[in-house]
């Protein structure tokens, strides 16, 4: 046991700070479970003094669907569709995480084509998820248009996914032992077309939203999360990298074929404010989209014909034992702790949802924010309630 | 005839507003009745041809009352409101004093002998401006200084004091 | 194969007739009109000119005064309604085009022209909902307190010489006063709803409007100072004589004052980036969270009436009012065209910029806008003082300046039209092939 | 054309109402509302006199001054109430009997 003194950011408000002395009646504000900027059925109880938030307490569980308990009742293959519904904006990555966990315990070898397809689709899904995150972050800030633009591009990715898997949101495409079926004829060409189209669009969004003066004023120096605090609270993904910690599982502990690709880890640099503010967390996502495009290009180059499925029986039986495996999801590290007693379904499956851990920082960062900053903060943490509540 | 009707309308509105404020317990409703009275008085100014004054009345007081409303909402809790009304004995005393005062005033108004001069035609904003910067230049400058002093005084009174009284700056120790 | 049948949406009674007629008439009539678009346009211009002539020669010197008043009030009411209805539809089309969508396309068959009407019908039929804990009289009164002053502002706004309900000495101040009263309706709505989100919206509106009224008024007063009248008709007439006679170009301070006025007017209309009172991502829907049905429509109408009113003020005071920029005859049509352009810019800004935070709103007003407009006011009055024959050198410079500023304005306008044309010409490339592929009818 | 008397009587009624409000209310902000009544009664008088030829335009000008002063008065009063609220957490005037801040 070690005590860590957590130093809170001294001042969240910069200019025009609400004078700390004018205190009026405190108000308890029930934000959610139905609220436009809680991104799902999150309920946050805010204690406010006028516009100033004194305390924020998130209440979870509105979307709890017993995913972990269900896992004990179904076979390994049957659980794949349930992983779709964890982080429903990044279903491919969830599939990948679960498949890798099972394969690790079962010692299943994957053919290279399946591996590259997995990487391509997981990275495409990362782009789709980040598009959703950045677009809806604009909406949280009151800019409606970037959301529609981001959805326009996301639509193309959805089309690609639909062509590959037949589904547009819950794919169950990456299964144990490979991928469910091969991508159709001409799919890689379409994918390259998308990348060529998409890359210049990122600059466009930056000009429209990221470098917009008002947007910077709203997000820079808001909700500052210093690196120590981020590490202490177990933040992962863009939230951690936004605080300036260059930690990415794809680089640090490469899984699948990620070790073969050239890409950088974007980190928050405090360009317009302090390292770890909302703008940094937001911009890390934008930069990650560029890196994802790089990875997909390399993977597409390496994609060769071959089998897409390892020889795995219909009902997977794993040896007794336990394994913990983590993958880098768009929102952070998604971990599966799988305990098997040698049967056809897990004895216990513990899921570490990145959104859940990232959300834990909210009560720490929220005090001293303005009411509007709560929307900025929640949006920059980018939670998906399906994964928080599981 | 029309003038009398309009006068009765506005005068009635103003008086009703005053009585409603006396009876009301909600500070926000009081503020809205105040606005009713102010608009009614502005209407009377229009009736008397003092257009500039009527418009200024609305323009200045709307902002003023809006601020009043904001403060009223901020500083008054709903639970507290009903306790802030006078008791029965107080109300009786009040009614008696008010009645005496009113009767005295009305009697003196009716018995005074006003000697109306010529009816002044509707005054334009320009004339008031000239009189402000001519005949009333001294008071005008004084008022502007007073406004400045009031602004500074208000800012001084409502200034943030020592930073120690800031919002709960919870220092937590996390055990890992 | 399993199919799910959805019961068809049925309009009933009068609304059914209206929607059917609108769709039928729109479906047949508007394409026909479009086929003869130029003819229809010319006919419309002729009809409008005839209408103008009719009003000037028959309605204005009309009959007993109350008949004229009645006609004009009814006309203004209709005008405000039309502004709101077209404004709401236009806003949705504009936002759609900005976001590479189409906006409403179905109701009325031609570009969804009857969408606002259909929405209005829907709102009228909605249940009249008042929250149980609401302050009911105030809750009922609030929409009127928001809409009626916004309408009253039109009583003093001249659409042309003689095109005004009441010629008043202080019509500018009257319009400002009426626009200011709207804040009380909003605060009333927010407080009476007995919802915390509404209350937040109301408090924000209170702070915002009271602060921005001052730079707004000061910017206008800088212009008033150079004409020497508070009468809107006189202010408009003072700029007769085309583009370079506009007050906007008369001196550099007025040029800047136009922009400060426009920013402040955005705040006073609760338009983005100052739409905090109803900021939907923070306050659900702000002050009108608890409102539905026709009461909500009235807030909407008030907003659009207010938008047009502030644009009309800017047009009259800075942009030459009803005067033609190219030196032709002045007409209320010019006034409408200029005001509509300013309304469109308001929409453009709204669909481009994020929202400002409340402390930044106050900060921007009190620390930047207010001192700046004060400076403009003082600067403009000194300009007035020195641009007299007593200072021949300065006066001649001042006489030349409108041409310089006017050219600058022309350049700005040209840049705008160039951008618009560029965007239109390359619309495929800008939006991207894929986006167009997904649009209906592509 | 109406005479002077109705305006004066209305003004007297408003004055009495204002005084009654100031006396009866314990909420500081309500008292401010009463003060506004009193001031408006006074301005109504001034304008009425000016309208009927007593003192010419000075009535209107004085009324303008009163409006301005009322605004200043409200500002200072609200600032005082704010301080009052900070000290004793209420706007009940009866609680303010400590003579120290």
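Descriptive notes on the structure:
Each chain carries a letter (A, B, C and D) given by its place in the written order, and its residues are counted from 1.
In the analysis below, a contact is a pair of C-beta atoms (placed from the backbone, for glycine too) under 8 Å apart; a residue touches a chain by one contact, two chains touch by 3 or more.
Remember, predicted model here, so these are calculated numbers, not experimental data.
Between subunit C and subunit D, the least number of touch steps comes to 2.
Set side by side, the interfaces A-C and B-D show unequal numbers of C-beta pairs in contact, with more at B-D.
Centres computed as Cα averages put subunit A at a distance of 60 Å from subunit D.
Averaged C-alpha coordinates give centres for subunit A and subunit C that are 42 Å from one another. In this assembly, the C-alpha centroid of subunit A lies 56 Å from the C-alpha centroid of subunit B. For the pair subunit B and subunit D, the distance between C-alpha centroids works out to 6 Å. In subunit D, the residues that reach two or more other chains under the touch definition are 82, 85. Residues of subunit C found to touch two or more other chains are 203.
Shown for subunit A are the residues in touch with two or more other chains, namely 21-24, 50.
On the subunit C side of its complex with subunit A, the touching residues are 95, 98-101, 196, 200, 203-204, 272-273, 275-276, 279-284, 351-360, 362-363, 367, 432-435, 438. Touching subunit C in their complex are the following residues of subunit A: 13, 15-18, 27, 29-30, 35-37, 50-51, 138-145, 148-149, 152, 155-156, 194, 197, 201, 208-209, 212, 214-215, 217-218, 370-375. Listed in rising order, the residues of subunit D touching subunit B in the complex are 1-10, 12-21, 23-27, 29-30, 32-34, 36-37, 40, 43-44, 47-48, 50-54, 56-58, 60-61, 63-65, 67-76, 78-83, 85, 90-92. Across the complex, subunit C is touched by residues 26, 28-29, 32, 35, 51-52, 55-56, 58-59, 62-63, 65-67, 69-70, 73-74, 122, 124-125 of subunit B. Subunit C contributes residues 135, 138, 168-170, 173-174, 176-178, 180-181, 183-184, 187-188, 191, 199, 202-203, 206-207, 209-210, 213, 230 to its touches with subunit B in the complex.
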